[in-house]
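After this come two complexes, each holding chain A, first together with chain B and then together with chain C.
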Partner chain A sequence: MNSADRPRRRPTNSRRAAREGRVPVAETRPPVPSAKGAVEGKRYGTRLRDSTLTFTFDGVRYAARAGDTAAAALLAAGVSLFGRSVKARRPRGVFTAGPEEPCALLTVGQSPLVIPNVPATTLVLHAGMVLRSQNRWPSLRFDFASLLQVGGSLFTAGFYYKTFFWPTWRVFEPIIRHLAGLGEAPGACALSPPAVEHLSCDVLVVGSGPAGVTAALAAARAGAIVVVCEREPVCGGELEFEDSIVDGMPGYQWLARSLLELRTLGARLLCNTTVVAEAGDTVIAHTEPDGLPGDNTVYRIRAGRVLSAVGALEQPIAFIGNDLPGVMLLGAAERYAALYGVRPRGPVVLFGNHHRLYAAALRLRGLGANIVAIVDTRVDGELLKPEPTAAVALAQVAAAEGRDAAVALLRACGIACYQGHTLHAAHGWRGIRQVRVAPVDAPHAAFTIDCQSLLVSGGWVPQRGLPNASITGAAAGQVDLASLMTPAYDAGLLAAAALGFTVSAHTAPEGTGDPLPVVVPYLRSPAAAAEEKRQFIDLQNDVTVADLRVAIAEGFSHIEHVKRYTTLGIGTEQGRTSNTLGAGILAELRGLEPQQAQTSRARPPLAPMTLNSIAGQRTGAAFRVSRHTPLHDWHAAHGGVLDPMGLWLRPRYYRANGRDAGSAAVVEAARVRATGGIADCSTLGKIEIVGPDAAAFLDEIFLTRASALKVGRARYMVQLREDGLVLDDGLLLRVDEQRFLATTSSSHGLEVLSHLEHHLASAPGATRATTLPTDSRGCGLSITDVTDSWAVIAVAGPSSRPTLQGLLPTVALDRLSHMAFIDTEYAGHTVRVLRAGFSGELAFELYCPPVLAAVLWQALLEAGLAPYGIDALDILRVEKGYLTTAEINGQVTPLDLGMQAMVGQGNACIGQTLLARPAFHEEHRPCLVGLQAADGRAAFLAGAQIALSAGGTRSLGYVTSSVFSPTLDRWVGLALVARNHTSLGTTLWARDPLRGGDTAVCVVSPVHVDPEGLRMKGLP
Partner chain B sequence: MTQLACPFCGPRPLEEFLFRKTMPNAGDSAYARTYLRVDHGTHSEEQWQHSGGCRVWLRVVRNPSTGAVASMTVEGSAYELR
Partner chain C sequence: MRSVASPLVEFVLFPGQPVPEGWPALPGSVVRDTAGQAVLLHVGPLRWFAPAAVPGLSAAFQGLERAGTGAALRVDGKYEVCDFSGAVGARILASTLDLAGILRSRDCAAVTLFDCPALLLRESGGYRVWVQTSYAAHFKAAVERAAAICAKIRG
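Right, the complex of A and B next:
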């Protein structure tokens, strides 16, 4: 006898098997000769492949077949306990077979790279996968917190507002925090960004069940480009396994043929793809292969027409203990049997309110399930309708010999039929052991049935999809195959015809399957008031019938209020198995008719998405564009610490000058004042305004008149928004009579450009008389963004003029007055030399083509000037009281910034009118002031609030910029402070409780250094 | 991701466009023009710029509740483009 033939003791317990080093195998599956099989003509195990694999669940190794979902493999291995509920810590098993699963949520992977809350029902296993159950401590079989629940009423509706108040909430907070939350949050992200694909099609079909495939066929045959999104790994929906005949062939054969035809017609079939949202006229779908975030693709689909064929969802019935492991939806059990060859365990009882129970019982029995009883709530319901396939014999018996004969036949198969009975309760500890059944009209005549599985079906409700799509198939209420195919085909044709396609002569396929179920509404079995807290509605959030009663008693009666108060249907599955049931029971408890039940609103995303999927490719460096100056590579190669400022990457300081930004910047700034330095200012926005109307146009834009500017001169200009607040400042250069170059602050370039273009478009020729050739808009003017056409190098400091003169010997720099510029040549390129600066020193700005920037920069370095960064630039400009976007913050007028002289020129520019608003002249308007630390080197930081006293709580304004000034050897800053507190010499307090505490500051002039401007003139 | 049909560039995603304002009523004061927003209901007259494209300023008449564009003209120009 070889070892393979040796009889083995059948493992009674998978854990024992694991301890003994053996891998538990699927006990409940029928013998499988090959991957896919058929018993009595039934297909089963259609998703399974030949190979096997192993995985671990809570540390125990299990075997699975390739293609298995975690739920299927664990059910096959005899596992029924999958996790515990989040609030009551009740043991929970698998309830469904799809993404609507409320209970069996797993954590995949090992800490910190975990992915929590993955439904076991959609997770397709891979070899070596590590799975863990959730919401249990220390172990799944024994959970400490479940002991708290022995009374069963600790976490009633609204418990946050009612309990844990003695002696104080803080005592309980750490414990509650430990218990709260669904699953373990990942400590790190191991997911790569998803691919993002934009699709454009004529007809998008959501769902590829019989209705979806039929509609897609119709549209594709008419010539439309079709995209089909299917959330399952394979197309077909029920056709994949259900007994059905379409166009004279088995449903799955028709399906294969139709999918082939769709592909031939150019349709795109996206499996594993869930539609999650609609944004404008785009549909967002995402693919999670094998039900696990990872190799995701996000689709943005722009479709001419969207057809929703998302099917219907089976509904549960509430009874006492309906959350026990072993209770499952009937359709889910059928799917496990058909797709994965997993039979429901042990003796099985079916409970429902329609006649499909009987066909399902026979199908499951055919696969080897031990069905012992059918409990049907209908007193005298129709037993069976003639059916095309499996149930046909029984149906014939029923038709020919009456109901009693059919029942007798079922009984002969060992299936007891309890019509007009209801199921009151399920009993068991970690799994179902027994059910209590009684006639509907005689609740006291109850008896029990022993069972290990209870399959429930309370009818179907259409699944909710995209709000603006047209709906077809079961989602539109056509639950049986015979009646849905023609309307679905018509829906496809209609969509194509609406887009202008000629409808072809094909006819709709004809199908027959399970007949239309006649569902008599039945939401819950009767229960004593004390037992209602074990009638679960929302299994994920432990919402019971008792909770709904509490909510109603406390005045929450609208479904949206009840949803928020009780957490009904707010879980990861968005209440797909609980919304309708909860709404129906709520109506019942309020004494309303079932038709008056309200439904809560579905909100996107329709299925859970990881933040990774939502972010898409826009993460890390791709989060936003970054702009580089022509000198970027030099900065990077020479110790420049590059930081994003707006979109630009700019060198804050150079590492050679100090360990950190603070010390390096001080060194760099002091060197500029002592000798000189160069800085890369290419990020300045530059806009060229050219044309005969340019001067008149700019007069309307700027606070002071541009037309008064002489050719070859520059001027500091400010522009206002329409409401009188300052938009931006910068220099305006008049290159010739009809050509101006305006500079803007680095971050405002595009905004200013848009502002100019807007004004040109809105008021063409308002004050301009065009006499010369004009553009199509009737204006002799063009506005061009030339930011990238000019590199700018600032040369500042006492040694700037002699050094520059050495490089540009042909220009008489000593005759170039302040704010004058001249064009010259260097290395064959034009260089515009402007005598101006942002440092208060004798300084020049060199405007040159980007290609020349590195050459010129190198020459300046070799001539002995050292580079300085943005932080040093900031020190130099705060010392001089020059403004940046910290001061021009979109809330200040030119009057607030001390530009009374410029306003006083009375130029009729944009925003001038509204400057007269009384509100802009109130005494507490912010006013730009300088601040100096009263006490030597005490620091105060930008953002600190200004108060009258050290503990003052009334803010008078705030510090906009602050630097340590090497020139003055103390901290200086600029601030916007209420005008009535800004007389020079006033002592105020810069309050910064979160960072530095309080610092006494003196109000001084904004110009801290060289108020006479002698240095700028080159005078010592 | 709704699309707007730029008269020069064709249908482009909304992200390429910059909304500036809804147009004030004729005869409004400078204060009202600047500070008061007019709700035109289903007939909203607005200024948009194709800032991520040809940079044209557009006068768009639009129904904000459906997004349907009734007319689109180039701002400052006498002729209407379709």
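Right, the complex of A and C next:
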């Protein structure tokens, strides 16, 4: 026979249609005159709309109906292969119909704007959508890496801990990195920031199935404000499509009426909204419209009570080959039929352990599915129970007439019933072709059944919801309508009553639907040890029964260890289809009783959410709040390089003065020393303390007595923490007898304010020496943050006084002594002129209203002064040995910083008691010193460690600040060094192996420039 | 956002002193003039905020200071003000705060909006917000961003 005679393989409908340029026609939907229909009263395709659309999947164009999910449309088009598993790259189909889907994960969009790992089961199609399968190369049908399956037992649990050592891990690392993972990371973010909404309600109901709607009704009727979160696009859960009667009408009609009543009562129904976490008293939920991240909303909901009605999840059963495409959960198949009008392909076998298999088989058969067999592990279980609707009228009759009639009915429908049987294995390659079935007690008597779909149901387990919510409905184990409605209604009433709402006169609805299933637990079919590596527990990560055995053999027996060692349940479905099964099989393998099985702990988020949703609107410029001074716009417009310092944006330097910070700062600092300059110091914290008890209170706060300060004077003051360490320093101005203005360092304003407020209101402590009554009543004192009420402009340098005098002719600046201040007027506003500075120069600080700042600044510029930035300010203050948070680092006492004189005044202040403890007086305590390079030229940087010798490994301290001094033409710095090594002239080493190596430095006075303070006094 | 005309005063009552007659005594309560404009807001424990010059109020503050009852702090320039009107305005604010939950029976509160310290006042038809001046630029950008996102989601 030559090639011309060899029968050609008949292409699938979709491939032929693609070659012919036609869009394939859905072949597995029942013939319908319209998008929605009914067969024997059973509705199907309820989510479909009449219009059609096209989309592409792996380059092939397909048709779909509006409302279809990607999974439904592709199943309808005959697609069975949707992706490949993570480790072994085994072919995967669709397993579920919801977000718990472990297999059918798609990439949406085209590079670089892609969204990976989107479940096809929840992705609602839009016209023109481009979808791709994942984790395969070069194609889904043939994946090169699937050859790894040949190595079968090589890839057991934890194989990567035991392999890839020779010759070196680095040989394998790039290959494994390329193969590992799922989905393609986007090259560019396609997601816009979500909307965020904060809301509050009395009762939050999570889930809007029959229990959720019932509970919400009860609470709303009692007068509570109710919010309902539902992850599906529509409310209702099973009421949307299952056969049920509630209060005498079909369930879906009762649902519509109830939702209308809820809306009328003011309840808010949030669909497409998944609750993902709770943070304190706030529940966090987010929407993913049409199952796709982006253009979504994050809700932060504060509720008086939370009810969790999240339902139950159908469970799989493990058997050999249970990962083949075509194997699906029974409930999922029913949802595809009911919601999307898609029936399972080809001959269909059902396998499970409860009676609902039989009613489901008849329902699916009614839609045209070719159900050939039911394999039921129960020996003598019920087959059919009375159905509430006429949809399966024959079943009603059979149920009434007993078991034999039911079996006869099923046989007449062409459905073979195998009770007391189990399904040992599914066979096939890229899809299921055949199953092997045998009696439970006679495994040798196996036989095969040809099929193209296998629908599995191992019962249900409650879904995990919020840990602090009350649970109702199927989530509480009530999986049938008749038994859940009254408890759900009561749960709603209870929640409302707990908040003070009156119980209403309405009664709970009465419903009947699928009767309560009696599930005989069955986790996995028997299998020889060698075959257990094909009994899958986690379909996404290829975790099998054999992997659990390996984990146990290697000492991992606790579920939390097994989870991490085998990767059981760590995939995108967060263990929803694998966790309970795995826990049960683990208990079985360990010889434990079933009730001893433990599932692993669920942690938020309870459903996958993008980092985009977690970030909310705090991205880019909005990531962190920034504060602007009143002169911000001027700095930005005139070449100021603005850098965040704490929350403030401050000019480091001005571009006109140099191409980088280092050179510009030197120029600016040199200019201040030579002539003068102005700096924006508005970021200083400013706190006003007012009242008859203000002075006494401040005596407790500061190291030295505030009450001794005269009106019109300022003083450098230091605050201690309760433990005796320095909190902050600043100036204290006495405005009048009962009014003080305290300044703080720019980064400590809020902390100092909090410290003052705490001590104003707090009870006495051992460290608090006070003359005030411990009860704050009768305390005549107020503390107010006025940081934003004052702009501050520093005017420094030899020309500062004459320049300022020209602007303020009525103020006798030459008679304003150091640390004195006076209020005057400029351009109709009050300006406070304080003679003080942070540069060591003759200097003034101008405190003015923000509205005046730009005017005053401009006037100073026109008078000939130039601005200098923070880096220049740093040079000037290091030259003078002034301190910032680089030295006041939260770990030093005032004694460490050389403030012995201040401590010696003996003021009974906060922190004074613990300052006296012996540990603060030991010889290795840090001591503030100045440093200069021993050779007069070398540089040394802040952060360098101080050692006794070059290469020394014992640190004696570190360099806190270092600058190049234009005044001295050398590098100078400040350091905290062990006290017993700080004699003047001592040579030490500044060790900085990462940046510049070791530099010999000499210990000098911290005041490098003008130690007599002549410049500050305005003297030559 | 716009600057607030001076004088702007925060008045702090000393502990143990009685609340002056006619002042909003309950936390979050507000006294308004005959035109409905807020005159005095009880924004914090023992703290009131006077957002505008009102005849007689300044004198009242001075009298209370002289009597040793409390302290009036001029805070000109400390705040910039912004109005949010209608459902759209409320939705923008809901991007950062649970309005109904925070205000409940109150008409004003000291809050944090878009990470900025602010004072919030419920008005008829909307809300008025005073934001500390140094945060105003960030606040404005955050409001515009939230408004754009809300409009896009609505659209």
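General observations
Throughout what follows, the second predicted complex is superposed on the first by the 926 of 1020 C-alpha atoms of A that agree within 3 Å, B and C clash if a C-alpha of one lies under 4 Å from a C-alpha of the other, contacts with A are read in each partner's own complex, and residues count from 1 in each chain.
Just so we're on the same page, contacts are C-beta pairs under 8 Å (C-beta built on N, C-alpha and C of every residue); 3 or more make two chains touch, one makes a residue touch a chain.
What you are looking at is a predicted structure, and each value in this text was computed from that prediction instead of being measured.
Legend: residue contacts after superposition of the two complexes on their common chain; A:R300 is shown touching both chain B and chain C. With both structures placed on the common chain, the touch criterion links A:P630 to chain C but leaves chain B unconnected.
Of the two partner chains, chain C is the only one that A:A195 touches; chain B does not reach it. Touch criterion not met for A:T422: it reaches neither chain B nor chain C. More residues of chain A are touched by C (comparison of chain B with chain C). Of the two partner chains, chain B is the only one that A:D723 touches; chain C does not reach it. Applying the stated contact rule after C-alpha superposition, one finds that A:A279 touches chain B and leaves chain C untouched.
In the overlay built on the shared chain, the residue A:V690 is in contact with chain C alone; chain B does not reach it.
Comparing the two interfaces of chain A, the one with chain B and the one with chain C have residues 300, 302, 776-779 in common.
The touching residues of chain A, when paired with chain C in their complex, are 192-200, 295, 297, 300, 302, 617, 621-622, 624-630, 632, 648, 688, 690-692, 738-739, 776-784, 786-791, 849-851. Interface residues of chain A facing chain B in the complex, by the touch rule stated above, are 279-282, 300, 302, 722-723, 750, 754, 757-758, 760-764, 776-779, 913-914, 917.
Chain B makes touch with chain A in their complex at residues 1-3, 14, 18, 20, 30-31, 33-35, 47, 49, 51, 55-57, 67, 74-77.
Chain C makes touch with chain A in their complex at residues 3, 6, 10, 12, 14-16, 46, 68, 70-71, 73-79, 91, 94-101, 114-116, 132-138, 141-142, 145-146, 149-150, 152-153.
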